[in-house]
Amino acid sequence: MGKVDKGDLGRFLPLVDRSATPVVDPRGAEVAADPAVVRLAILDDLLNMGRANSLWPLTFGLACCAMEMMAAGASKYDLDRFGAGVFRPSARQADVMILAGTISKKMAPVIRQLWDQMPGPKWAIAMGGCTIDGGPFKYPNQYAIVEGADKIVPVDIYIPGCPPRPEALIAGFLQLKEKIKAGRKFNR
Amino acid sequence: MGYFGKVLSGFGSLLTGMRITFSQFAKTFFGRKNVTLQYPKEQPKLAPAFRSAIKLIRFEETGTHDCVACKACERICPSYCIKLSGGKVEGIKKKRVAEFEMDFSLCSLCGLCIDACPTDTLEYSKVYEEAGYNRDWRVDLVAEFREYEAEFVEKQRVIEEKAATAKKAKAEAAKKAKEAKKAKEAEKAKEAEAEAADTAEKPDTAEKPPALEAKPAKADAPAKAEVPTAEVPTAEAPKS
Amino acid sequence: MPETLSQLLDDSVLAMPIAAGLIMGALTINVLMLVWAERKVSAWIQRRMGPTEVGPFGLLQTLADMLKLISKQLITPSNVDKPLFHLAPLLAFAPVIAAVALMPFSKSLILVQNDFGLLFVFAFGGIAVIAIFMAGWGSNNKYALLGAIRSVAQSISYEIPLILSALSVVLVVNAMGFTLASGGSIVVANGLDLSHIVMAQDQHGLWFVLVQPIAAIIYFISALAETNRAPFDIPEAESELVAGFHTEYSGMRFSMFFFAEYTNMLIVSMLAVVLFFGGWDGPVLPGPLWFFLKSYMVIFVMMWVRWTFPRLRFDQLMTFCWKVMIPLSILNLLATAFVVAVL
Amino acid sequence: MTNAVPPEATPGGGDGEVYSLNMGPQHPSMHGVLRLLLDLKGEEVVKAKPVVGYSHRAHEKMAENRNTLQFLPNTSRIDYLSGMIYNLGYCQAIEKILGIEVSERAVYIRVIANELNRISSHLLWFGTFLLDLGGITPFLYSFDDREEILDILDQVTGSRLTYCYGRFGGVTMDVDEDFLARTTAFLARIRERLGMYDDLVAKNVILRERCINVGVISTEMAKSYGVTGPSLRASGVVYDVRRAEPYGGYEKFDFDVPVLHEGDTMARFHIRISEIEESCKIIEQAIKGIPEGAILPKKMPKRFKIPEGEYYFAVESARGHFGMYIVGDGTDVPAKLKLRTPSFSNLSAMPEALAGTMLADTIAIVGSIDVVMPEIDR
């Protein structure tokens, strides 16, 4: 019994077409047409370019995925190529919070506090199934974990996998870059 | 070792360390060799065993999957990430899956579902760079097979009809030779075999191909020519 | 024709802002390049690529970092000592500009000519300690305070061998003397004048690293400690004190500390070039270019050291200073004085 | 800096000299989410109190909620750094209870996979330990080597970290010649690199100053706290489950159990490095002796029912004695599965070992015992 060889292209079809999720300029068409706004918008875009290319993550690992996060920062994958290799231990200097691992109920308030300590504009990446919705540790009537990081902090990028490969984390960073460049504003 | 000896040997060990780091520096800087895999530009070589979200296998013979909605995978899954439904399809004996939904965010990639599958129609996909703005990671496994479903049912109906007529002819021949009672028993056995595919236990599939391939090969010849080329969306690497 | 740039600028009321602006611009570019270089050097030592995506060879990476830091929210935690907390980054930032102005980039290119340049550079270096302590104390954070205390103890201790090793050079300069190009007679050389130190080396064709090798090594190690670079980076020891004295600083204020740190690196390496590597002395290329080339070579060694060694423990650091560095530098100074007196 | 006002912080000693410092759960060298409450006098640690539970994922409870087979993916997530050892260890425990035969080839494959995983775990420890001490470059070098192991294991297991390679009675996938050749090549590479690490790190005067006579765990102390694994062997006790109660075919292999008597951080460092060498030896023998054959038994029961009774099975993970205490009640869902994880006992020795050291030593000592938080919290 043979299989049709599809190589590496065997991407599955999602129920929700993620590729179509629009990344819209929140400034809107009318505002963008206003010349005065446009001139400032160029500065805004410049700043966003800076932000997008300088995403300093918080040194912060929760569980298994943290190892893959470390691997992504190491020589083989080298997050530093995208300017995201400066892991800051202090939340005050970080831009991105990579939630790498299962969030236990005891850890949840700490994560929220860390998030509040980070200066805006800031972003969060949920890495791994556990931070998306509890992952393998979710079962009926479970008591230990928070089912999804988005119950604690506003998450921008979701990366599934258990754990995701470092490539997936890099892909997440690239998508976050796209999102920032699309014109997200300060207040969030 | 005296005071100066200690200072000197300590200093020497520092120089050794600096020599090593400089040799690595020279390998990268002058030798232009680094160990970095430039991911979006270069893709990693994935092992054949690589595990990602499960998908249904498309068999060449039929151009579609062979899921009979037995729910063995749904029962074994430790993470409750598979939901499927299906059953009898009008016109054919074989059961078919109607909805097969899998939540990748819950999956722990243990492979128990693949082991459990009686028709061996599940495998790991090779997607390793999924990331998105949405927390919904449910995957519709049968989506890419829907358009072939009617075609398959039609083909399967033809095959089964042929098999039935062949069986009838055989039975008639047998009737002539033997008693009608024995022929009835044979039919019962056939039905039991078809049902065997639906049970959760794992049969020795290596020797015994699924029910479909057990049917006469002559019916397959035209079907093979019509196998549609697998039109699957390509995994687009995020451009930087 | 005015002899130095500073004399030219003396004529104008605009002198101050022009000079400050020039230095600021140059230093900003320098810091941008240094941070990029640091990341590249570390990457190459670690067999990586370092920043590649932003600009050619990732050259614009630090520009992006700067843009981001400028636009970052400035957080003032509620319980900080506000005046100290706000002043500290500025105080760390200001003296480094002043110190750069004293450097003799070439015979004529000296922004501020001063007879006691060496003293001033060390004095300005001392101010940074106060800034760090203000930051640590004002932050009202235990990690920051620990970092600040460590930093003060470390900087004060390491200034002693730093100055003692420089002093040996001063003695040598004073003894050797040199001929001014215009005159022809041997003038009394002032060893505290930075340009005199260079001219003495220039004239005798002898870099002082050959005359004073022990002083050069002591100077280099003390300079590492003075600038809080690894393996002496214990005030901001990432794995112990989170981020040390700037734990609570964000955005622009943090980048000011960053700026000061990297400019300090430049200052100590420029001073090393002046003291030991013959300043602007060099064939073919113009003087200032040689000066910067040499400085960057010293900085490269500093980076190389940083990415090789683990960090010392605090008490070991102090032991090393008081039991090794200071006795050695005193011995060296005495030996130099003896030789100078005898000859 | 995370919890500005730790709820359990003890107010200093009263004389105004002792103050408390809260380290973690977010701290760069707390290996995930360990939290240490330190009472400090200047830089000297007066009292240290580890607070755990920030990574509690209820593994033991989950074992009571699913059948024996379904617990399989959990095992490699208890200690994600030696996931293979835990995964295969759990398989071996169930096999022993049910009396399932494992083919010779599967036994050898398991040994190779286990030891590769042990090397990768020790390499990661090496890197993070150096990172704790401020040496960043060795961390990246060791990660390079580790990537090689992950690639090799990825080839047969399909995962990089949280393997689910074992099945009751064997393993999921057979190894091929390519796998064995790559493993052999890796052994040559790691031996060469160990020499480099020796020059770059072990002989370095700064590291030696930081490690020698720091955080001494005496033999008695180690025994009384139940410290196991490399940390115990650094304190002068020859105890290795692979030797003491051989399991999974380890009795066939010739290897030493390295022991040092100093009990300090440097001894723990050297023990782990020699263990990498011993693992290399084991892998070499296994590659030489690997027989042909099936990797899974032909006939397998559909449900793995644990007979009534209590069972205990232990394996040697990269961190020490990992034991599974299983209570069966005749169904295929265990009535109780208690995990005895090594890091938990090793960490319990910390308050005593940390008292009287410097703040920087605290980091070095906690790093040297190699804790994995989810394994402690389960």
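Here the chain labels run A, B, C and D in written order, and each chain numbers its own residues starting at 1.
Quick note on the criterion: a residue touches a chain if its C-beta (ideal position, glycine included) is under 8 Å from a C-beta of that chain, and two chains touch if they have at least 3 such contacts.
Keep in mind that what you see is a predicted model, and the values were worked out from it rather than measured.
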- Task: Check every other chain and keep only those touching both chain B and chain C; list them.
- Result: A, D
- Message: Let me check something: if the centre of a chain is the mean of its CA atoms, which chain is farthest from chain A?
- Response: C
- Cα centre of chain C to Cα centre of chain D, whole Å, reads 45
- Message: Using Cα averages as centroids, what's the distance between chain A and chain C in whole Å?
- Response: 38
- Note on the structure: Note: chain D sits from chain B at a C-alpha centroid distance in Å of 33
- Query: Distance-wise, how many Å sit between the C-alpha centres of chain A and chain B, to the nearest whole number?
  - Reply: 29
- Residue numbers in chain C touching 2 or more other chains? 43, 45-49, 52-53, 238-239, 242, 247-248, 307-309
- Spell out, as numbers or ranges, the residues of chain A touching 2 or more other chains. 59, 75-76, 78, 81-82, 89-90, 117, 136, 139, 162, 165
- Item | Touching two or more other chains - residues of chain B | 14, 17, 20-21, 24, 34-36, 38, 78-79, 108-109, 240
- Task: Please categorise the chain-chain contact pattern as a line, ring, star, complete graph or other.
- Result: complete
- Item | In the complex with chain C, residue positions of chain D that touch it | 1, 4, 19, 21, 27-29, 43, 130-137, 140-141, 144, 200-201, 204, 206-207, 209-210, 358-361, 363
- Query: Residues of chain A touching chain C in their complex?
  - Reply: 46-47, 49-54, 59, 75, 78, 80-83, 85-86, 88-90, 92-93, 95, 117, 119-121, 186
- The chain A residues in contact with chain B across the complex are 1-4, 6-16, 18-19, 21, 23, 75-78, 81-82, 126, 129, 132-136, 138-140, 148, 150, 155-162, 164-172, 174-175, 177-179
- Residue ranges of chain D touching chain A (in the complex, touch as defined): 1-3, 25-28, 32-33, 53-58, 61-62, 65-66, 73-74, 77, 80-81, 124, 139-140, 143-144, 146-147, 150, 160-162, 373-374, 377
- Quick one: which bits of chain B touch chain C in the complex? Just the residue numbers, please. 7, 14, 17-18, 20-22, 24-25, 27-29, 33-36, 38, 240
